[in-house]
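Contents: one structure, followed by commentary.
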Amino acid sequence: MPEPGPREVLVEIAAVGVCGSDVHYYEHGRIGPFVVERPLILGHESAGRVAALGEGVTRHAVGDRVTLEPGVPCGRCRECRAGRYNLCRDVRFFATPPIDGAFANYVTIHEDFAFALPDAVSDEAGALMEPLSVGIWACRKASVSPGDHVLVTGAGPIGLLAMQCALAFGATAVTITDVSEARLELARRTGATRALHAGEDVGEVDALIECSGHPAALASGIAAVRPAGTAVVVGMGPEEDATVPLSLIQGRELWLTGTFRYANTYPTAIDLVAQGRVDVEAIITGRYGLDEAEAALNAGREDPANVKAMVVPRR
Amino acid sequence: MPEPGPREVLVEIAAVGVCGSDVHYYEHGRIGPFVVERPLILGHESAGRVAALGEGVTRHAVGDRVTLEPGVPCGRCRECRAGRYNLCRDVRFFATPPIDGAFANYVTIHEDFAFALPDAVSDEAGALMEPLSVGIWACRKASVSPGDHVLVTGAGPIGLLAMQCALAFGATAVTITDVSEARLELARRTGATRALHAGEDVGEVDALIECSGHPAALASGIAAVRPAGTAVVVGMGPEEDATVPLSLIQGRELWLTGTFRYANTYPTAIDLVAQGRVDVEAIITGRYGLDEAEAALNAGREDPANVKAMVVPRR
Amino acid sequence: MPEPGPREVLVEIAAVGVCGSDVHYYEHGRIGPFVVERPLILGHESAGRVAALGEGVTRHAVGDRVTLEPGVPCGRCRECRAGRYNLCRDVRFFATPPIDGAFANYVTIHEDFAFALPDAVSDEAGALMEPLSVGIWACRKASVSPGDHVLVTGAGPIGLLAMQCALAFGATAVTITDVSEARLELARRTGATRALHAGEDVGEVDALIECSGHPAALASGIAAVRPAGTAVVVGMGPEEDATVPLSLIQGRELWLTGTFRYANTYPTAIDLVAQGRVDVEAIITGRYGLDEAEAALNAGREDPANVKAMVVPRR
Amino acid sequence: MPEPGPREVLVEIAAVGVCGSDVHYYEHGRIGPFVVERPLILGHESAGRVAALGEGVTRHAVGDRVTLEPGVPCGRCRECRAGRYNLCRDVRFFATPPIDGAFANYVTIHEDFAFALPDAVSDEAGALMEPLSVGIWACRKASVSPGDHVLVTGAGPIGLLAMQCALAFGATAVTITDVSEARLELARRTGATRALHAGEDVGEVDALIECSGHPAALASGIAAVRPAGTAVVVGMGPEEDATVPLSLIQGRELWLTGTFRYANTYPTAIDLVAQGRVDVEAIITGRYGLDEAEAALNAGREDPANVKAMVVPRR
């Protein structure tokens, strides 16, 4: 049982989502420069109840239901001061070595990175504020605007939530692509205006949100973007480099960028779910106890229809 | 019967909305620097069917249902080149002296300012793309974003549509204020999360969209805006000057701006209505034949519950 | 002699500028909601040498010459996270009650708010990074861009530095206005392309930076701004409210905002001075010892030609 | 002798710069999708004197000295309305098949695309407003801001002018790289704070402006950009695709874009030169008569020290 430090809260975890990065650490022991060198508790999509307060906490009371933004930045470096705290090099982020994560009964976190959940948002939905934040951030980077046609490539958990976000941002057409019919079917049920097999022609779009990590999806997705539109790369592929259609980027003055986590998204995420604009629970395809965490980690690899596994410690 | 010039289409008008500016010209013969010096056909919220094509038209065919963006800018001046064509000083705008408007059986317009209507959008809804554009433009200026709380002051036709636009832009809370209970009730029916009598406390909001033209609404509305938020003035009051809380604008670094018509809104407006994101027809409270135009112009003044009168020439 | 806390540095002050707000506190004991209730050390424009290091300091060494950003924000609130740390409600700002300032031999500050000065920047110039930051921030808010014509109203220390900043931002014409011929002459010597007596016609400008606090300067300045241009209010007048030409703001879609301190400006300020783009020392019109601080505070009131008094403790 | 149409001016050409695209058309007969199928007059960097006025011209008088913005867009399409007229698909652009250019004694152009030259700007400088516009546009896309450190890769005419533009935008450090010592020396003479041989380490920069067309310059240049910075590709390489460091783009949330011509740059370009902020004539390395145009086209290929050849018809 960890002790909450000054301005920290102790949170009893009620639900944790399994993310592809958890699976990757579990299988490979590293993600790029982040290497697991000691036993590491995974899990960074979490919600729970405040169980104790550290010194000086004023924002929460014991018993409050909260979702946890898993990265606590330094608050003072150039990136933090500029409002880009997701790029802080001194961030302490759950389940990124050497910081432990939330596949646990209890965690501690700075009170300002715990956000109160309204009654309309369940614990499991609360845990999914984290991948939803990834989707919100991608839509912000893509400047998704009312009336836009957005292409989301990849219908995994991030792609499915980015798709719902795009609709919540006012996009009136969202095309999603994948190789899995099960995932496309889930996309249709959760609002996609069009769900296509990867490789089919999509016409012209205002923005691309690439969530598959596939180089071909990126290249063909960029080629679909209208002049002055934006392509945002969320999915991480196996290679450090990628081939992009540079003459198109020049001739159409496209913008290409990528996302790294998110900043200033949690209040928005909570509001969107509380008001029914996004249905995060729709992507949950399996629930596991804390002692079944390994099965939860393996679920997605076994069947692409297993989109999002939730670990529920008290199950 | 006007003759369409090169690249113009002749449009048989199917529906025209009555705007407050029409009423103002009718009653006062001027709006600020724009003075009616000769007989002027009013009406600038219109939709209809293409009846004939001028030389070189390629964008439309006879029979197409279209809505008309009523201002055709010069396309070459500093403002036009910068994409701010609503500020073009050489714009020719329906029902702004000396340009005639659309309370007529037929009008001509450059083909690029007629926009095809999908089947999901009625003629009357098509006519209302114009005031909807005012709402879209206000939301763009206010940078309305998902999760925002927006305050709309004034529940006339523009306020009611700006409110729906804010929701379509992702705002999860929209408070609207007015002095008319009938208008507040219509606001509630069309999605307002809160409809208050003018003067009630609204708390903190991310943005203000002022649509009433009342100086008090502007001053108190600005005082409700959060640090770094925006106040957009759409409503025109009786005075050229206004008193604003400057020390708040400075201390919170607020942004205050106003709107003059709109630019690049029609495709968005059509998509939002076609996809059911905005219900423009909900604000229609009366329909009149072309020979009843005077009654249509008087309707709003007689009863604030008469929000939007439509003139339907073939009625 | 204060003790530096964790991550704080002790700085021996070498130069402090006198700001109008210091004078105001000295004369009136308050500025708006900020009331001096106990003895308060004034001064927030300061530079000096690091004399001792608190625990954990890594950014500076004893002997380093530094300029001090006088406001240390909380780093965690909504405003801080969004990069708007100047709007942090929990900021601790030098010489704003109850926080003491820098008219002292020694002060302490968090190491991240002390910035190293290159040899090309003198101690006095270092102290003036603070008012220069106000000018930079105003130019950012005004979106001053290469080729712009900028109007600066008021040729006090802030107006004079904002004028130089506008030139450094690429403005090719900067008109400055004042009622004091001595100040206008100083403006001409420091680069103003035009220096006019307040009230003279200035033609059309891309942006207004209001530094005089005079309501008439604001109203007439706004009237000079081109369509879609920006008016930034820096000067604080005697009244909380102001009368603005609202119909112009609407008809031209102008943007009106105000500034409150600044954020993320110190590195830029230092670079601009080090590279000779801005000459901050040109506005210094008097130097005083620490025991002459009262005379320094009175200097500006006695003669408008006394633009910027510097307190030099070791003088 | 061409006849000026309505709102066109006839311009007697006084100076025309030779651009790499002219050379490319001359040698290869095409640039990407633009193929020379009939005899084509090259040259699109031009200035001269108004020799006659078409019907309805009000902006110029016979004898006026003007520079010519060589692309006249349609003014009505989606891109034009949005202010992105450089992306207009119906633009008529000098020396882009099938539109003739300015290696001629006389040309005609719409009066709004001829800009008056002040006395401080020579004819040759006037002609170079075109490549200067490319540099301005690149700096705008790169959001070059005061205090920035900018990397320009490639010290040909565009790179050299982009470098000067970056300084005029307030950058306090501009590093330029090339393989030619002669070009680096010219860069140093015209203000580069650092001129390095391609491949040397440049440290961290705020923005990259790639002007060499070399894939390696792009890849290594991107790797130098700070978190959240921008890389703008101006130079056109031999391949349609490029390999970029995608994991860096994601991990640092970089922005990559390209430029295609420019929009709304001519007034800025003229002001910058007239005020001495940019010295365009410094890059002129050879002058040729109209009958020496072939030699002018070949000059750059023969020696990289030949940066910019000017054709002076009356020479």
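Just so it is clear, A, B, C and D label the chains in written order, and each chain counts residues from 1 on its own.
Rule of thumb we're sticking to: a residue touches a chain if its C-beta (ideal position, glycine included) is under 8 Å from a C-beta of that chain, and two chains touch if they have at least 3 such contacts.
No experiment lies behind these values; they were computed from the predicted model shown.
Trainee: Same residues or different residues: which describes how chain C and chain D meet, taking over half shared numbers as same?
Mentor: At the contact between chain C and chain D, which are copies of one sequence, the residues are largely the same (over half shared).
Trainee: When the contacting C-beta pairs are counted for B-C and for B-D, which pair yields the higher total?
Mentor: B-C is joined by more C-beta pairs in contact.
Trainee: How many angstrom between the C-alpha centroids of chain C and chain B?
Mentor: That gives a centre separation of 42 Å.
Trainee: How big is the gap, in whole Å, between where the Cα atoms of chain B centre and where those of chain D centre?
Mentor: About 41 Å separates the centre of chain B from that of chain D.
Trainee: Any chance you could list the residues of chain C touching two or more other chains?
Mentor: 82, 84
Trainee: Any idea which chain A residues touch chain C in the complex?
Mentor: Listed in rising order, the residues are 74-77, 80-85, 110, 112, 263-264.
Trainee: Using the touch definition from the top, list the residues of chain A that touch chain D in their complex.
Mentor: Where chain A meets chain D, its residues are 32, 79, 82, 84, 86-87, 141, 218-219, 227-228, 233, 236-237, 239-260.
Trainee: Hey, which residues of chain B end up touching chain A in the complex?
Mentor: Spelled out, the residues of chain B in touch with chain A are 136, 139, 145-147, 165, 168-170, 172-173, 267-269, 271-272, 274-275, 277.
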